[in-house]
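Before any comments, here is the structure.
Think of it as A, B, C and D in the order they're written, each chain with its own count starting at 1.
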Amino acid sequence: MKRPTSDHDYHQQHQCSRQWRPFLLCLGQELAERLGPDGARALMRRLGGAMSRERPLPALELLPDLEAAMNTLWSDMDWGWVELQDTGDALRIVHHCAPLDAAFGVSARAWSGALLEGAYEQWLKAAGAGERLRVRQMPGSSNSPDTTLVFVLTS
Amino acid sequence: MKRPTSDHDYHQQHQCSRQWRPFLLCLGQELAERLGPDGARALMRRLGGAMSRERPLPALELLPDLEAAMNTLWSDMDWGWVELQDTGDALRIVHHCAPLDAAFGVSARAWSGALLEGAYEQWLKAAGAGERLRVRQMPGSSNSPDTTLVFVLTS
Amino acid sequence: MKRPTSDHDYHQQHQCSRQWRPFLLCLGQELAERLGPDGARALMRRLGGAMSRERPLPALELLPDLEAAMNTLWSDMDWGWVELQDTGDALRIVHHCAPLDAAFGVSARAWSGALLEGAYEQWLKAAGAGERLRVRQMPGSSNSPDTTLVFVLTS
Amino acid sequence: MKRPTSDHDYHQQHQCSRQWRPFLLCLGQELAERLGPDGARALMRRLGGAMSRERPLPALELLPDLEAAMNTLWSDMDWGWVELQDTGDALRIVHHCAPLDAAFGVSARAWSGALLEGAYEQWLKAAGAGERLRVRQMPGSSNSPDTTLVFVLTS
């Protein structure tokens, strides 16, 4: 085996469960071909929302408590960890160590992050964010060399 | 936690990687709703074929060698194990301990097995089975109380 | 790969995490050689007690609640599942699907079950069983063809 | 859950299989108490050697080929990755992303690295390094903030 180029590279290769990696890679290629990036984003958004409905957070009001509850669920699934940052006029959601590149491949970055977009939007709505608010992935973040993804809750 | 009803029940609950179970469950519900069982079967068949192209078998001619090579790959992914049975006029493929119920739910049995159908067909064609042969899941097997799936290679 | 002889055989081979199987196998051989079966049993008993102190149960009084709390912890670790049976004059503890054979090998059965012995004794003492009670593994159970282990709480 | 302090912290917490983490933590505490750091180092060295005998490398002569063969085995177990560096007068072995801190705790660093020491020594002897050569962990490396471990093969 060629050695990894860095610890980050090693973890990215190993974070996705070996059981589903071939399936998820092929699923990603199929989705990209059949639906295109926009269609794949829309599907991932719906799936992310459905995942959050399957695994609801307890009722909490304070950001640090919400963040801790999210991190408990993400940690249990080995999906990385999140920081919720109140920037005064918006909520910034910084997600680290997502297994999305490991599962769907780097070429899926144009759409795979929408899974987290949908998941956070559903959790934040259930926590009382207004129905008209949307979680959006920050465009630059899909070109980043690492796997940190940044989302913003906006109206 | 309610205790499992049997060892089989325990293994069925635990065989699917915790990392992807919520995603795969939601994916299964989405596919069933949007595509119906026939559409979901067709998609799973394509994905199974793509998985086998991603993980080709070495060139082998004898059934026991093919079976052993398949079991090496399935074991590495924890997808169960297979028996290839030459019944004289057909090839019977008996797959045990698939993680499909654990991943997609028992309600997905009408279509989830097509993933293995596509995988076996692709492997057997690459091993020299004629292009006109098809692998078909035996109808009864989706009602079975366990997770054994039976397929037949026919013209 | 030689195919498994049964579903039970398959699960027994696959239930132990691939990360620690070589280490645990070698640890078991070292313990058996250096300490003998009695010494290995004594060490496993202490380790089982320490594990239960690390992962205490919530305070519960009814057997079904204790059983459910134990099963939640075992399930989270994929260590199988337990039935607590009040036989009138004793408490029978039936543990299914332990990963001990998969980890330490079948030849370790003379001592590996003591890990669960120590774990159950510690949990039951913390739950109010008298200090003089002991959990003992039933002798026959280590010859059983499957991985069910039976323990009894006695004075 | 408190959020991790960094991606490195996250991976360190999650790299050890959930199935064996409580057992390995308690084992480490027991070994440190009963054997002291020197005794624990000696035991880990023997276990590392035994692990390498269980999983021998194919016969190879060139360093890059040895390195690749080691990385295939480490990757399969999710034990990190290694660089073999010929410094002219010695062989430096740099092991990244070992799951030892995650398994035995940071307090075990005084002895846990001896597991890799024994593993590399056995592999290198089997590959033809002289019987009188020893693999030694570089002292400073156990204080490093990360999980990189450095070993040297010396006479």
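The rule is simple: a contact is a pair of C-beta atoms (placed from the backbone, for glycine too) under 8 Å apart; a residue touches a chain by one contact, two chains touch by 3 or more.
Which chain is which protein? Per UniProt: A, B, C, D = Cellulose synthase.
Model, not experiment: these values are computed from the prediction.
The minimal number of chain-to-chain contact steps leading from chain A to chain C is 2. Although chain C and chain D carry the same sequence, what matters here is overlap: shared residue numbers make up over half of all numbers found at their interface. If you average the CA atoms of chain B and of chain C, the two centres end up 33 Å from each other.
Averaging Cα coordinates per chain places chain C and chain D 29 Å apart. If you average the CA atoms of chain B and of chain D, the two centres end up 38 Å from each other.
The residues of chain B that reach two or more other chains are 78, listed in rising order. Contacts between chains close into a ring here, every chain touching precisely two others.
Every residue of chain B that touches chain C in the complex is listed here, in rising order: 1-4, 7-8, 10-11, 13-15, 67-68, 71-72, 75, 78, 80-83, 96-97, 146.
The touching residues of chain B, when paired with chain A in their complex, are 16-20, 22-27, 29-30, 43, 46-47, 50-51, 54-55, 76-79, 99, 103, 115.
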